[in-house]
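Presented sequentially are two complexes of chain A, the first with chain B as partner and the second with chain C.
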Partner chain A sequence: MTDATLATRKPFLSEGQRNGLIAGGVLALFIAALVVATQTGTITRNDWIYKIFVDPFVSMVDMPDLLVQTVWEGFVAGVLYSLIALGFVLIFKASGVFNFAQGIMVVFAALSLVGFYEFLTLTMGLPPGFVAAIVAMAGALGIMFVLAVAVERIVLRPLVNQPDIIMLMATVGLTYFLIGFGEYIFGGSPKVMITSQLGLPTGSTMLDFAGGRINIQHLDVAAAVIAAVMIGVLGFFFQYTRIGRALRAVADSHKAALSVGISLNQIWVIVWFTAGIVALLTGIMWGARSDVSFALEIIALKALPVLIVGGFTSIPGAIVGGLIIGVGEKLGEFYWGPLLGGGIESWLAYIIALMFLMFRPQGLFGEKIIERI
Partner chain B sequence: MKTTSLALGLGLGLVAGFAAVSPVGAQESINFVHNTYRTGAFSGSGIPVADGVRDYFTMLNNRDGGIGGVRINFEECETQYDTRRSVECWEQAKAKNSVVYVPWSTGAALATIPRAHIDKMPIFSMAYGLSASAVGGTFPWVFNPPLTYWDGASVWIQYIAQREGGLANLRGKTIGLVLLDAPFGREPIPVLEALAREHGFTLKTYPIPPAEMQNQSSTWLAIRRDRTDWVLVQGWGAMNPTAVREAGRTGFPRDKVIGIWWAGGDDDARPAGPDARGYLALSWHQVGTNFPVIQDILRHVVDRGQSNSAREKIGENLYNRGVYQGMLIAEAIRNAQRLSGKRVVTGEDVRRGFEALNITAARWTELGAPDFAAPVALSCEDHNGHHAAFVIQWDGTKWNRASDWIRPDRARIRPLLEDAARAFATSNAGWPARSESCDQRS
Partner chain C sequence: MFYRDAGQYKTTYQSDMAIFPLRQDRIGILVILALAYVAVPLMASDFILKTIMLPFLALVLAVVGLNILTGYTGLISLGTAGFMGVGAYACYKLTTLFPEVNILVWILVSGFFSAAIGVVFGLPSLRIKGLYLAVATLAAQFFLQWAFVRIPWLYNYNPSGAIEVPLRTVFGVPVTGPTAAIEVKYLIALTFVVVLTWVASNIVHGRIGRSWMAVRDMDIAAQLMGIKLLETKLLAFAVSSFYCGVSGALFVFIYLGGAEAGTEFGIRLSFIILFAVIIGGLGSMIGSFFGAGFIVALPTILKFGLPAIGIAITGAIAEKIVVMVIGALTIFLLIVEPHGLARLWQIAKQKLRVWPFPY
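Coming up: the complex of A and B.
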């Protein structure tokens, strides 16, 4: 056999498959060893190894209703994280900027909606209800549009061709401006989201399952459906429309896009407005779970681990990343949290993200960056 | 438009504030710099408190020309519930000769306690802060009436025992504590652990990291898994409305969720709508506007457009708590004037004024607040009083009183506090022995 034939012969398994098989084998051996050790009494309920590796799975099997409920809560949280991450991805794709202001845009959009609604019903005398809520929604969208135009004119246009770090700092500045401006206009008092006025369902359904019960909130179902529709529409918009193609061209290269006559300014306005719409939806959904206040801004930090997993440039990545982080952190908190005294999910999300980073530094769906020296 | 009127009110308030400040510089005045957080993640709890205390002192200035004929120069220092900013506010208060420092944050109280005896500025941390600072022998400059978190824990367990039909029935029960993962949240744990050992119930703690305040679904799932019978909420800011909502979402009986007094804001329960009905919290003063003092605030401050608060929020629970705090501080200033014989008192005088604090039921009536709260008395030894509290319940639109006065188990709590104070003094090398003299009560 010559060297040439050796080199061209296709291996039986690819490297990835081989590694997968080895990892699976080790895992199976480990599980078998644990089962044997537990059955023979080598490890007991009080051993840490039992508490970490056996007990959580035993309780998953014993109480399947709680497992399903946890996964469902994780799924809903994941969808909501995806929505936040989507706002970051849209702007990053179009302008290469990590938009530090996305979190405060969520607060600003939600406050605009509630503020408009209060203005319409209390001052203008519109009867409270669906119509007023829809008008308020239109008003809030208008504000997000004005914000997008203003950001493009005042912040982005003068900074074309500046290094990315300058753009990032500009969004940091925008954040603090919006915090102050928002507090000046709306005050710091928390407000109640107009959930039912918007026609969003409230209440819940109890499902009997495996001897237990699963509690499905109608609002959570609506959130998942709306997020899915939103993501579908955005995907279609950016994949199949002229503007979408222009956007992708801008994402690839500002200069090349300009050279074929794409208006950078127009694209930026569209992208920031879209991010504003996403922010409004995010604000409605999170606001409905708590209240509408400046504390909502913290929620935006949840997007970071999602972006690490999903990559900064991929819409599907934001969705899958959100779901992985959401389900992963809820399962982790619920089954392993008590071992560490609880309250672990805020950093657990980053641990999950870092594990992904070890194997795919560019994120699940991110573009592999090859920089040649 | 409400928002415009709010902004307008804020603007007017500022203008009025400046207008009031400038001529006062020439006159006699007592400076009082008060920490607030009208902005940031905890503004939902911070605003009503700040409005209540501010309106009370504005009312005293407008109605009586201040205290003892001296105007109170009330200033706010914005902290955003951030300990670093709160310490900066200490410096600001010191520079302006504030007669008292009001941290409005347990973290800030802990950070400034070692400075109080050096800068001669008393700390007034009303029912928060370091529980052990109730011991006046060790902490002559710190006051935390009317009760500590440790007393709160005792009241919690006594109330649960009442509902369960006696302390003996607590055996085998599981009581959960949902807490903000911060110094404030962890304060009641030692006493709850001791009570759990004594009465045979299981204590489960569910810490909520500040970044997850609005994201509590796994916590409430864990409560369901642990078959927790009662849930105590040691929360603040956006954590509270989220906890009430989650209790509703998971179907946990709301009348078995009891917040600490800081989890009893109207804005904590209101956002959850019908889901909040039945939710309980501790308190030590009444709600509503049906008191002469609140009517005076409406007449002398709100009607003149000098309040930052929306009219309908006056009389809400946290607003009235701000008023309550204002009344205690004003009374301490009055005592200081009497004890020192001076009209313009200093921080050192007000420290003595706090130790002489004695608001009886008759005095509450004189202050325009009959039956507003229980009598409060402090002494040189006891800077807290361990006074009684009661339980309030949300009926869907407002708070109502839901229990009699419950006295904390003082005989049990006080020795624990004294141990903790001794431990504080030994672990902080060079902690000074009390050198401040004690005024005999007249």
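Coming up: the complex of A and C.
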């Protein structure tokens, strides 16, 4: 056997698997030590170690209904984070622009929907109800299309080939513009989403579960279903249509796509419009859960750690990342938050994301970063 | 005509590498300093000092700090306001714990607290870069903002949750607090800015600054040349956060006179500072000043300037219009000159050199 074959022989475990095994072993040892220490009385209920590492898990097992309720709430929040992140990913894939304005587009879309509805029912005299809601939705979609064209014409085209940070700043500028514009047109006061007019279910169901009850809002179920359907439709659109193929080509390489005759400008309009549709649906879901107001802006920032976890370029990553962040955040707030005085939801998502980054700098589903000199 | 380099011979390496190689530039900077130290406090009204000069001087250090990190080292940070908050709260704690020590010392020392926090949150920059790092620094922003609200020890268990700047004197002259004269505050802030800018300018023109720029241009290549990435990046974070910390201390102690827990140092301020860095020009000291001046002056000009030229806007709408115009101007400036106001300044100087006979 020569040295060359020796060198290329596959190791029994890859590096990642070995690291995983080591980490798992350390974790198992730690848990075993905790169990032993608790049983022998080395750690009492008042020790901080007990409070951090044992107590939350004990209460999870003791009260499974609360656990399921928390996970469900995290799941629903995660779906909404996923939808915002989805808008980011669509635009980042197609144009390499980190669209900071996606969160504001959500608010703006929801505001224009409600604004249109008010205009139709109050000024135009349409009877309030499903028809007016659908017409208002068409109007809001029209606004998102105009926005997409305007952004492509006014912002993206002159700034093509600029460094990432310049593009990021341009979308931050767009954010400010949309905030000012939206408040100027629609006023700063929070609005109520037209939930029932759109035919979305309201109300809630109590489920008996393991000795407790779980409260499930019908709207949340609808949100999850609509999100799933939309992701399915988007997947179909990307996989099987002509425009979808063009979009994927642009995502792979701008130059190669240009060389086979795909119009980048047209693709950008389409992708911003798609992101606008996603924003409108997200806005409806979110607006139905709370008010439609610019306070949503801060929540939209939560989509950023989702992107870190999932990777900037992966649609499944946005979904999985959103669910991880949503569930992790709610669990952390509910079980560990009181130890720190509460309110840790505001930064826990980022810490979770940072922990993922330590192991996978490109996110869970992101493309592997290859560095060349 | 008067701005010529003809006849100025550079006979040594030092004079060739000088920051201001032209005699006219050196005279110009002295004139500006003289104006800033003598003319402005004498001539400017309290209104101008209060609404433009003080916030400008306080924020310009943060812009310089972020420029060191983003412009010179290429690490994007969105946690600037958080680090500024660390400086402000550290200064508040220090001066209430040790009131006998000169407040100016504490303003400077609070920068070191901020630097330490900055190094901790800079650690991820070793593994992640670019926009991923920008998002990671948001962790610092939100965590610190949370800490300012949730840790009552930081604001001395004040029931209102705010910090109020106590009266402190230097040589018997009140410097901070409600009774301090605005001219005194202005001179103090100006001195901090001048000295720290001089230090920063020397750092970025020296060995450290060059290693930062090498890391910015390509970190792997820099590593191959023998630059230690760990130390260089963390040093950039430390120096940058130091400037942000001093800026935050000045912002609260000299300009605001008090801060509500967590509201002053929010994510918006981080973005405004990043905006100032980019509008001013990445990797340029003079650009930091232009950028800071721009962001401080613009809202004031819009609010008081538009009615003056006949466009009547009322208070509530004015806020919205201002936000809108800021957003639109950002995009406009980025399209017209992505390299920032510093680049325009350079072009203007170049034109002036050959004026009035450009051929």
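Just a few scattered comments:
Heads up, the rule we're going with is that the second predicted complex is superposed on the first by the 361 of 373 C-alpha atoms of A that agree within 3 Å, B and C clash if a C-alpha of one lies under 4 Å from a C-alpha of the other, contacts with A are read in each partner's own complex, and residues count from 1 in each chain.
Here is the rule we use: a residue touches a chain if its C-beta (ideal position, glycine included) is under 8 Å from a C-beta of that chain, and two chains touch if they have at least 3 such contacts.
Just so it is clear, the model here is predicted, and its values are computed rather than measured.
With both structures placed on the common chain, the touch criterion links A:290 to chain B but leaves chain C unconnected.
In the superposed model, A:298 makes contact with both chain B and chain C.
By the touch criterion stated above, A:341 is placed in contact with chain B and with chain C alike.
In the three-chain superposition model, chain A touches both chain B and chain C at residues 179, 183-184, 188, 298, 301, 341-343, 346. Residues 1-3, 6-7, 10, 38-44, 46-47, 181, 205-215, 217-219, 221-222, 224-225, 237-238, 241-242, 245, 249-251, 267, 270-271, 273 of chain B are the ones touching chain A in the complex. Residues of chain A that touch chain B in their complex: 59, 63, 66, 69-70, 73, 76-77, 115, 118-119, 122-123, 179, 183-190, 192-193, 202, 204, 215, 217, 286, 289-291, 293-299, 301-302, 329-330, 333-334, 337-338, 341-343, 345-346. Partner chain C is touched in their complex by these residues of chain A: 98, 154-155, 158-159, 162-166, 168-170, 172-181, 183-184, 188, 298, 301, 304-305, 307-308, 312, 340-344, 346-347, 350-351, 353-354, 357-358, 361-363, 371, 373. Residues 70, 76, 124, 127-128, 130-132, 134-136, 138-139, 142-143, 145-146, 149-151, 218, 220-221, 224, 267, 271, 274-275, 278, 282, 317, 320-331, 334-335, 338 of chain C are the ones touching chain A in the complex.
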